[in-house]
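In order of appearance the chains are A, B, C, D, E, F, G and H, and numbering begins at 1 in each one.
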Amino acid sequence: MSNSYKRLNKDDAAVLLVDHQTGLLSLVRDIDPDRFKNNVLALADLAKYFELPTILTTSFEDGPNGPLVPELKETFADAPFIARPGQINAWDNDDFVNAVKATGKKQLIIAGVVTEVCVAFPTLSALAEGFDVFVVTDASGTFNELTRDSAWDRMSSAGAQLITWFGVACELHRDWRNDVEGLGQLFSNHIPDYRNLMNSYATLMAAK
Amino acid sequence: MSNSYKRLNKDDAAVLLVDHQTGLLSLVRDIDPDRFKNNVLALADLAKYFELPTILTTSFEDGPNGPLVPELKETFADAPFIARPGQINAWDNDDFVNAVKATGKKQLIIAGVVTEVCVAFPTLSALAEGFDVFVVTDASGTFNELTRDSAWDRMSSAGAQLITWFGVACELHRDWRNDVEGLGQLFSNHIPDYRNLMNSYATLMAAK
Amino acid sequence: MSNSYKRLNKDDAAVLLVDHQTGLLSLVRDIDPDRFKNNVLALADLAKYFELPTILTTSFEDGPNGPLVPELKETFADAPFIARPGQINAWDNDDFVNAVKATGKKQLIIAGVVTEVCVAFPTLSALAEGFDVFVVTDASGTFNELTRDSAWDRMSSAGAQLITWFGVACELHRDWRNDVEGLGQLFSNHIPDYRNLMNSYATLMAAK
Amino acid sequence: MSNSYKRLNKDDAAVLLVDHQTGLLSLVRDIDPDRFKNNVLALADLAKYFELPTILTTSFEDGPNGPLVPELKETFADAPFIARPGQINAWDNDDFVNAVKATGKKQLIIAGVVTEVCVAFPTLSALAEGFDVFVVTDASGTFNELTRDSAWDRMSSAGAQLITWFGVACELHRDWRNDVEGLGQLFSNHIPDYRNLMNSYATLMAAK
Amino acid sequence: MSNSYKRLNKDDAAVLLVDHQTGLLSLVRDIDPDRFKNNVLALADLAKYFELPTILTTSFEDGPNGPLVPELKETFADAPFIARPGQINAWDNDDFVNAVKATGKKQLIIAGVVTEVCVAFPTLSALAEGFDVFVVTDASGTFNELTRDSAWDRMSSAGAQLITWFGVACELHRDWRNDVEGLGQLFSNHIPDYRNLMNSYATLMAAK
Amino acid sequence: MSNSYKRLNKDDAAVLLVDHQTGLLSLVRDIDPDRFKNNVLALADLAKYFELPTILTTSFEDGPNGPLVPELKETFADAPFIARPGQINAWDNDDFVNAVKATGKKQLIIAGVVTEVCVAFPTLSALAEGFDVFVVTDASGTFNELTRDSAWDRMSSAGAQLITWFGVACELHRDWRNDVEGLGQLFSNHIPDYRNLMNSYATLMAAK
Amino acid sequence: MSNSYKRLNKDDAAVLLVDHQTGLLSLVRDIDPDRFKNNVLALADLAKYFELPTILTTSFEDGPNGPLVPELKETFADAPFIARPGQINAWDNDDFVNAVKATGKKQLIIAGVVTEVCVAFPTLSALAEGFDVFVVTDASGTFNELTRDSAWDRMSSAGAQLITWFGVACELHRDWRNDVEGLGQLFSNHIPDYRNLMNSYATLMAAK
Amino acid sequence: MSNSYKRLNKDDAAVLLVDHQTGLLSLVRDIDPDRFKNNVLALADLAKYFELPTILTTSFEDGPNGPLVPELKETFADAPFIARPGQINAWDNDDFVNAVKATGKKQLIIAGVVTEVCVAFPTLSALAEGFDVFVVTDASGTFNELTRDSAWDRMSSAGAQLITWFGVACELHRDWRNDVEGLGQLFSNHIPDYRNLMNSYATLMAAK
């Protein structure tokens, strides 16, 4: 077992959002839709917050798969957006790979729909080219838990690291003192329990 | 068995929101926090949308229970808000009961935290006084599923009707033609799957 | 408790299929999609097999809700099909109620999407008018189990009988001798375990 | 609500075992097969132990449904055994009903496969004729939990009492002093946790 | 449906603890042992706190069932304690019934192991004699969830009210002002989430 | 960890279907029967669609295990079909291994019943001989989830890749443009949610 | 990853049964007691059937842990039985290790209670000494699923193979022709679904 | 795979308790609060019992995260307690690392809230520096099971050993004879089922 800690570094990380399309989202059943929506938007917000280069890609937007989720399009209005003409594995699309390489980053944070295809295929391709790949498990979705477990096993066995959006945010931020307000806001917006803690606290402090 | 359909009527219904406080929410574990937050806000939005008289109440706001969830306070800035000095059953508080009766409505739509106490007690009291009570099950939360099932059984046996925020909205609206845009927006804001359907549809129609 | 057995009778029963539309089906998450698809088609096949009058209705077919599932349209090409212009409760639509009453049947077998609205509302209305209502629980779907449980409680408390498509088929058929082949085929087509039993048996018998 | 306690009485109870056939058992998926087998045999053993008149019936033994489970046939070698020629509801078979009535008992303890048909139909028929019906829920099985919940609701609403084999045994026995050894043996044979308690105890006592 | 609210009243309630014995507890598998232990002790503590007359009973303490849980024996050192010589239904034991009646209370709060026997039988007997019975569902345990659901249905159908220890405490206390400290301590001792809220609050207040 | 991406290639892959027999299927309880049937037929259809050499094998067809599922026999009427006379591990049967080697493929896609035996044993044997093995997890079934998890761990630890039929199809197809119609039809036939997307889309496009 | 298939061989395997004691069994809650009892006895029966050397060991039999399950004591009346005076890890007991080594086998099949201690500790010790260890996951039990998953991960990471009793039996037997009757009987005794298949088959064949 | 058994040794182990704060605990939803509280206190008690050097650390005690759980503060009144001013990964705090290194131990037993951040980050850092890390899975908590599974996979893949508090206690103690009373008391205090066994045993022995 390798004992070097492959640690996310905000200066060396890029985010890949693969096929979060309005039609494909109806296939996601391994995670509650309210929670999934929140996780995907949280990942988007943290990418924005840490100013990570972000690349969007979709598959067959004009057909039944539907358009990219509008919130993502708005959040990343200026990001590279590769509407793939047919490649299932985004890594088979030269524009996508070129966009990834143009970031100059070696750590790839990836999420998408569905996990065992749109996430797993580029993950395995990127690992084979020497990238460090961090799969955001809770911002990726698929048909059911059996499918998810298979996909996780395949990616983990190939060397991918499984992580959640909250883990990504914390590992990138390193120290609350870098910006207490900003990180706190991110968590308050996407973790109801944390928001409650903050509201309770703020009310009590205001009452002093 | 009674065969008369006790049907929600927007001209005869009021909404009671009981003890959705930032501290008490940490007790809710029978429903995922992302989903629960969404359901409570959906119920608030529909109360606003249908202009139903709404009454807020809290228990011991200054102590560990914490303040009312700020979003509710903002949505219902002008609503009667009874901070109970100690009564556990809101119906034991005269101000609360008077506020309810002042609405002149006979159908009470109730939700709160925790289900077996803050919801069940006023539900049983109101039923005993002849009100029709509609318990919004998915905007009410408690410690675990065993607790919830017990509370539902007690309320249902006493004549309460179990319903969800979506059921309430549909039963009140009656006919989409009353306002397609408004109801559609409510659903789009609170049902991710429905939002996806609408986005797919809108994109396709725009492409024509 | 009433002790008279309200028993399905193929000469006195009609089937109501409410809002099984391609868009709305993406909302159904209380039952696995493979299983749900099978159950809906099984109910359709049994309605056809027993030659029960069947009424189809949809809500906003031209919008995001999508068209009626094509298989149902084909199976019931000549059945009354009421595309409701806006009424959420199908029973609020006169054409629908007239179609139901035109069958002359007093036993209504109902299924639809979503359970707490499209099924529950006409169920409660029909019960109030004195019909016997049989809710086909496994051919009806909704957002999650909490929602389903609420809807079942509301309908059962009002006097509806909860039943599955298999229960409906068996209660209508009464005696295998009425048509062993036909009923066996229905089960073989929609119950994989039963199909396996039949295939094992047939192979062994053929080997004699 | 009736407040009279309908209590099992060993002098007024009969047991009906409906369609526990080797083929049909492959349809049972709402309960683990090891547990289900144990429960069915426990019910058989208690019927024998309390010398309750017991009636067996099967449906289409010569076809894919398969023969009666051999252990039941052996335990009740002399019991009335009605191989129904086609009736799905055993109560539609005169031989079966006559056998039930010949016992002269008013309390019917019933179990079978599958719950919503082979158990529910005769339960509803017997209730309509004034019998007290006790459905042994854990010795009855069906396709899945959704199906089971529907069937329980239908039977309970009609006045059936839901009970388990252990509840039946305890309610019939009334007092351990009637036969400590016999009841203890029944529990030791069918409740592993109880057997462990007894073995621990016996070992310690022997060591004194 | 009856619309009178059968509400717990500390001046008219007694607590019955049935067969919480060290051996029998190994049979309880419908609830996690840490949670169950906490719930039983919470019920004991609230009985003590509200000074409710409490009656203990056991079945065959000298055999494999094992002795009463020592904590209960200590908490209720002076309470009537009926070691039943053989009656399975505690209500069949005259000493037990006499002890109940000697309290002069009409509301019985009952919990025990196992739910479908030791709780259900005396519940049904007491209901038949006109008592109001409140079954503490989370301080009662049994073999599995299927068994529990059957038992709840039987008791609820007969008129018992299903409630939890927290619901009992709140319904008895009525108003926090009766004793904020005492009730708060009870909750802090038995609800980890509530204890956390109180500790967070106390720390912040102390820091002012 | 190896970082080379072992990627399915339709020119280097063969499919092995092991013991999908009508009797053995009654043992499968880690996956819903409707879903399992669909997954097995989907795997068969994709093997046919990609014209992958496919090998069928069974164990004791003439006994209780029952015949090969008829649909598989029909789909692969001309495929090598090895009815093993007794070997439990198909790889112990020379005819089977010869058939595999005769395909000249190095990538083996395997599924069967039951997972920990009929799938795991040949998987481990083939890996030991240097084949790349892709276990189709959702077209393989066994007694329960505990058993499945053990089997997955054993195969994954030995180097097998866990994948689903949908992952196999996508990895083989590479690019939608190779045949949009064909792949779309495969998905529409076996993924109800995808079928709904396609039907919604088609209806809207037709309406333009 | 090693690609050599570590395959069970009946000439090189021994069975270790660790601490299946009547008291400790009450701690097992990650598996239903009916199923667990069956699995343990199935493992014992297969050890006997394949005449594998078997070693029994217990911890503190005279105290609360209770005696070895009597059925195991009877099945292996002549097997080495090491009642450890205090060592928690059986491998720390010289008599136990000597008994293992005296068998001359290099493949150890191990099961016990509780998984993360009584199974994991000797497994890790034996692996460190070069044995091949096969952990029988379904004949080992512990407090809950979280505990089990941790233990499995630790053992699997150290090189143990996770397998079930059915997998062990099949891997040892290799070919049904070695003894169709014997293996069939083993399966019929411990797999209800298989017993049903055999009974259905036998009945049909007898009817020819 | 490494075959050396990395075994806990009480002379070479230290305990790290990370961020068990009253506010953060409200985020833990992958484990029941009663069970989680018990596990954390059990780990604390065993650290005390084995006199392991223990280090406490918190994050932002003065804000919404809340203070360290009081019970831990009391149990370890003299232990190093590092209130981190901002570092999310405790290993980024020099005081913390110095405190760890000052113990001179190479085996680190770690638990905390939340698992994927407060536990996983220092675990990965410590592994990278050559420590052996034992993650106490059941005394660590996080948002949900999906999150937990991701975190476990990441830590296990990096070489951490997953273990529970009970496994830690048993591996450290080695032999009951080192102190039967002490270990027994620890288990009795934190394992209700074990306490029951001991109480049953003690009662029987006293009765001799």
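One rule holds for everything that comes next: a residue touches a chain if its C-beta (ideal position, glycine included) is under 8 Å from a C-beta of that chain, and two chains touch if they have at least 3 such contacts.
Bear in mind that the values here come from a model prediction, so they are computed numbers and not experimental data.
The minimal number of chain-to-chain contact steps leading from subunit D to subunit G is 1.
Taking the mean of the C-alpha atoms as each chain's centre, subunit A and subunit G sit 43 Å apart. Distance between subunit D and subunit F, defined via averaged C-alpha coordinates, is recorded as 41 Å. Centres computed as Cα averages put subunit B at a distance of 31 Å from subunit C. Under the contact definition stated at the top, the residues of subunit G that touch 2 or more other chains are 2, 23, 26, 29, 32-33, 66, 191, 193, 196-197, 200-201.
Of all possible chain pairs, the ones that touch are A-B, A-C, A-E, A-F, A-H, B-C, B-E, B-F, B-H, C-D, C-F, C-G, D-E, D-F, D-G, D-H, E-G, E-H, F-G, G-H.
Those residues of subunit G that touch subunit D in the complex are listed here as 22-23, 25-26, 32-38, 62, 66-67, 69-70, 191-193, 195-197, 199-200, 203, 207.
Interface of subunit H with subunit B (complex): residues 26, 29, 32-33, 144.
The part of subunit D that touches subunit E in the complex is made up of residues 1-5, 7, 31, 137-138, 152, 156, 161-164, 166-167, 170-171, 173-178, 180, 191, 193-194, 196-198, 200-201.
Contact residues on subunit G toward subunit H in their complex (touch as defined above): 2, 23, 26-27, 29, 59-60, 63-66, 85-89, 92, 114, 116-117, 120-121, 124-125, 127-128, 130, 143, 146-147, 149-151, 153-154, 157-159.
Only residues 200-201, 204-205, 208 of subunit C touch subunit G when the two sit together in their complex.
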